[in-house]
Amino acid sequence: MNFTFSEDQILFRDSVREFLNNEVTAESLRARWDTPSGRCKELWAALAELGLTGMLVSEANGGLGMNEIDFVLLAEECGRAALPEPLVDTVLVATPVLQQAGKDDVLAAIATGQSAVAVQATEGALVADAEFSEYLILQENSAVYLVSSADATLELQESIDPGRRLYSVSWDASQANVLADGDRGVALQAKMFNLGALGAAAQLLGLSQRMIELSVNYTSERNQFGKPIGSFQAVKHHLANVAVKTEFAKAPVYRAAYSVAHNLSDAAQHVSHAKLAATEAATQAAKSGIQVHGAMGYTWEVDLQIFMKRAWALAGAWGSRGEHKARVASAVFGPERSLGAGQTFASAS
Amino acid sequence: MDLKYTPQQQEFREEVRAWMQANVPSVPLKSFDTEEGFQQHREWEKTMNEGRWGMVTWPEEFGGRNLDLIQWLIFEEEYYRANAPTRVNQNGIFLLAPTLMEYGTEEQKARILPKMATGEEVWAQGWSEPNAGSDMAAMRSKAELEGEYFVINGQKTWSTRAVYADWLFGMFRTDPDSERHRGLTFILVPLDAEGITVRPIPQLDGLPGFAEIFFDNVRVHVSNRLGGDGEGWQVAMATAGFERGLMLRSPARFQETARRLVELYIENQESADQDPAIREAVLQAYMQAEAYALTTYQTACRLNQGGKIGPESSTNKIFWSELDQDMHATAMSILGARAELLPHASAAEGVGRWLDGFLFAQSGPIYAGTNEIQRNIIAERMLGMPRA
Amino acid sequence: MNFTFSEDQILFRDSVREFLNNEVTAESLRARWDTPSGRCKELWAALAELGLTGMLVSEANGGLGMNEIDFVLLAEECGRAALPEPLVDTVLVATPVLQQAGKDDVLAAIATGQSAVAVQATEGALVADAEFSEYLILQENSAVYLVSSADATLELQESIDPGRRLYSVSWDASQANVLADGDRGVALQAKMFNLGALGAAAQLLGLSQRMIELSVNYTSERNQFGKPIGSFQAVKHHLANVAVKTEFAKAPVYRAAYSVAHNLSDAAQHVSHAKLAATEAATQAAKSGIQVHGAMGYTWEVDLQIFMKRAWALAGAWGSRGEHKARVASAVFGPERSLGAGQTFASAS
Amino acid sequence: MDLKYTPQQQEFREEVRAWMQANVPSVPLKSFDTEEGFQQHREWEKTMNEGRWGMVTWPEEFGGRNLDLIQWLIFEEEYYRANAPTRVNQNGIFLLAPTLMEYGTEEQKARILPKMATGEEVWAQGWSEPNAGSDMAAMRSKAELEGEYFVINGQKTWSTRAVYADWLFGMFRTDPDSERHRGLTFILVPLDAEGITVRPIPQLDGLPGFAEIFFDNVRVHVSNRLGGDGEGWQVAMATAGFERGLMLRSPARFQETARRLVELYIENQESADQDPAIREAVLQAYMQAEAYALTTYQTACRLNQGGKIGPESSTNKIFWSELDQDMHATAMSILGARAELLPHASAAEGVGRWLDGFLFAQSGPIYAGTNEIQRNIIAERMLGMPRA
């Protein structure tokens, strides 16, 4: 039993945080909102250079051969930075799927930074970053397909988050490359959904922390009634409450990464718990963040909006709260439930 | 206690309903935070005024109908039922006008009210300053009397509607040595006066819903002073009371939102019921909107009988603003992955205007005195708890 | 449209409040907790003397011939005082039922203070004050019965609230006096339930206000860190939140009284809304009250406990939250729903 | 990261489970706030000690097993799964003992720990005073050194378990001119010393769960000073950290409550589902209890690797106390009209001990530093917000 990250994992996380702090500033994000693609190829190349795009690609295919646990802290950083590029979907969702299907060429292209891969959460769902990505992983019935984005017709669907680029996708499954179908397809769809929801949960966790930081900074500097508004108890308690929710969302997210990486039987339940807890923390961080920012929080000028909008978007992406609660409920209320003290790590042992 | 409408009240409702059916634009107007939408809304004010529906509670001499508060509530119910446009001149009609009727001279009323009624002059509010938000008494913008003119210097901010409005009302420090809430005067300022710079502030949706206003030796004739010299705080507090209280936030608005939320829930019930918090929230939304309406009727009846509105205006502010936020958050939950889509996205079917409403609802607990300030007021003035 | 109480109604309320303030002190309540009956016959006689027991009894039977609207403010005062005697059940529930059944003798005995009447909320439910009361109104299947309490076997069932006296009742319906059966019985049961729930709601409203007062007083006097704890923003906001909930429970309770008095078609929904709103206010007042009292709030010594316990008990009495929500839900989500602006008083007009 | 138990850990779990099955009393003990129950619980401590299960994290030399925190968590899981009695000497075992091991002399350890382990000496806490609750530094009870004895005068209150306990640990002002957190000394006091009056304070359920303690020239030998003269605050803060933090509130307790809540919900599902808030609350209870367990394991692993517990102990306190309150409030909601019944009432079938738990849960957000104080700590020490 060791529920900690290794020193290496922490150091890697810290270096990625520093990189994103420098390269993905609020100014650069705003600038990208106004460009047609909204994305930055140079940044993608730099992420590849750092080994990030290929983190989960096997060493044989030019990657680092790491796993979901290694990446979860980095997904959190992607959230903290509100990174627009589809790193989380490419690394955490597409890579394991392609690995399982033996798509070595695409994997190698991911590792070099040549290709990004966009992923569809469920059949018919909008696909984030379909235009930026060279490949799409799509679904129809019980099958999962790999499609070149050039072979699909994309229509931009605008989100409240100008940093999101969502597309409806028209494509011809009969012309597409099947990654899995039948029972294996259904299993792969379930795995993709879990990976995607885990990625969203980790990002929401990072977003929540960023919004707390922005709110602490703002309220420490802004004066009213002759003192910083952050010294008022009502303001403190707003942010303390968010901090509590955020603290107790962390371990569920990390545990979900472990369960997914080890294909535990209750991984779905763990992922859903993680997504729910992180969504709750981040939406509360947005709500309290805007409140303690006062009228500033309601403006376009203040950086808080960048992270609030991402949080609102990810709250509904990769499964609504209802879908995730239904998954937890079926485990907790189901006839095979096994609850109480001592059961937390039962499926791992 | 008698909770039946009188036949006259019923007839009045029919009359409003008929007029609204005949006159409410069938295509929704553009947002009044755009130039085009602002003009459309100004036109609508004109249309309303032609039907003498623009300022129904005003005295008849100023173009109103001298309605009592129950009739006003009935009017509002029909207005929101008809899905009529949001009032672009609400700062003027609901905030300045009652203040003007209480504190204005006859000359001021005659000069200002008719043009406000027709929408010819739309009003913006000038309370906040960069360092005087919740702490309004910290304002420093000053107005020095030189002969018959105030010379105004300073800066206001968070001025709603100011980007396209014609006039602004606000407080300025006329006694340069004064502190806090003393030495302030309530002054009306034409926004096209020389020396005024209006800098739009884009809000969450990117539209310039408010503005910063810079005053550089702006000369305003003393006839634009409302109330006495140095009495600005007292005059403004009356206005703030109206704003927080009954007048601005019609229960009808929240009842219609609750109704739409119930319909959204029922349309999406199968997926929505996966999250038991949604059904609970929809039920609470319905009951709370109803409670707000009931409480408002109760207050209106009391005021009709000569009662005064007190610190309960602060309970209103908290209640409606959190209800509005909760209802829209619940709608976002029901919409799931569709919630983030802008209304014009082709995939946004069934999404309606919930996202706009959600963004707007975020401002409710902040403006017109943050809910933290309201809670302090409730604790100290209504419950009598000790001041800090 | 006049949603206010008359001056007479307010004056009567004020005089009852003063009477209860003087006669039902915290000390007298504690003293009664320790007596076998827990009740005070002299106080009951005094309540009769004031005209309270016979308020809803017709003038012909020696009462005041008033209605539920006249009484609702007094039920609120009974809550505020945590009055142990079964005034609310006798006046608000039993009297209209007996009036409908033409039980003039019992009504006259109520008016003189000779008899109290205890009421069963639903078939098989425990009956509060069955021992103190001369008569019981009980239910079986679709019938409503009047039973002399001497003819029933009572077993005391202890409540967390030592001021409550609950009994399970064994009785023989075949020997009892039928007040109504068949469809009329079912209708009478529904009416009783609405009246009882309204009475509970009004008492919860009064309890909530009393708990706020006690909390304001305590926190204004108790000093920590060199000032009254009531001057801390966190303490203020706790109580301000309860005040908001309480303010917005009032009008629903008064409206429910009106709807019941006028037999409106949606009276059941209005009563349930009232009970839910008042329960929410009172349970929040208890929770925040104990919190701002600190350790004192957890003691037997402090008066707060008297009112908290009554609030906890009444929260579940006369219909659980679930039963009341189901009634509101069937109106709000049902096919005949008629919602939105302008519908609030539709059934009255 | 490796979330599997080692074979040794699994074996250890089996060992605890077997012992608990063999030894946990089949009939629940009476409340330890009654004299009879207190003796039963003292007996249970003795039984535990005989199996060397009483103080599993203590060093072996003092009768412990020197277990690491993961083993402690496993032990606790089995303890709560077995529904074993609440620890009457928790003040001693979990609060005083770690402090003693850090600050105590060898003589003190040898004298105090063994008798604590057997339950022969049960400990009460003496922090609060009538005017020093949340503001602990305001305490005024004093201890004057006369030769080899402290002479103690003053008053403590909210002393949990003190009615039947044998000893008390607490802070006293040894420098009469000192203010706030300076000049305080940590002293151990036998409760049967001359000059001590213990006045029981009945709690919500009527039982004397705590007491006021009056000191009238109580003489205590200096060998009962823990840490140095005037260092009481520092010593006590270590204790308060233990209390708020990991040690006292085992996740197992809350996981078992969550499990029982799920079962209660399922037993009553038809009526419970009339209130959608109940299903939502039960789901949240399960997830939050799980989150608390996961977070505690994470912290335990970090501490095992030499980490320190910081202000996150305040987040723990808030989280478990509000979770406990919510779970019990939800149970009360499920029970509806039955919720108010005392467990021994014949009509209280299926009601279990929820009411007792509900009452007890009300104390969670208050004791060991109110949750308001904890929120201040989180804001100031964890988030770095400005002090008032």
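Order as written gives the chain letters A, B, C and D; numbering starts at 1 within each chain.
As a working rule, a contact is a pair of C-beta atoms (placed from the backbone, for glycine too) under 8 Å apart; a residue touches a chain by one contact, two chains touch by 3 or more.
Computed from a predicted model, the values in this text were never measured in an experiment.
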**Message:** Which chain has its C-alpha centroid farthest away from the centroid of chain D?
**Reply:** B
**Fill in**
By C-beta contact count, C-D versus B-C, the higher one is B-C
**Approximate Å spacing (C-alpha centroids) for the pair chain A, chain D** = 39
**Prompt:** Can you list the residues of chain A that touch 2 or more other chains?
**Reply:** 232-235, 237, 325
**Message:** If I count partner chains per residue in chain D, which residues reach a count of at least 2?
**Reply:** 275-279, 283, 372, 375
**Asked** In their complex, what parts of chain B are in touch with chain C?
**Response** 1-6, 9-10, 13, 70, 74, 76-78, 80-81, 251-253, 255-256, 258-259, 262, 265-266, 279, 282-283, 286-288, 290-295, 297-298, 300-302, 305, 312, 315, 318-319, 372, 374-376, 378-380, 382-388
**Prompt:** Tell me, which parts of chain D touch chain C in their complex?
**Reply:** 128, 131, 133-135, 138, 157-158, 201-204, 206, 210, 271-278, 325, 329, 332-333, 335-342, 344-348, 355, 358-359, 362-363, 365-367, 370-372, 375
**Residue numbers on chain A that touch chain B, as the complex places them** = 121, 125-126, 155, 157-161, 164, 166, 168, 223-226, 229, 232, 234-235, 283, 287, 290-291, 294-295, 297-301, 305, 312-313, 315-317, 320-323, 325-326
**Contacting residues of chain A [partner chain C, same complex]** = 232-234, 237
**Fill in**
In the complex, chain D touches chain B at residues 275-280, 283
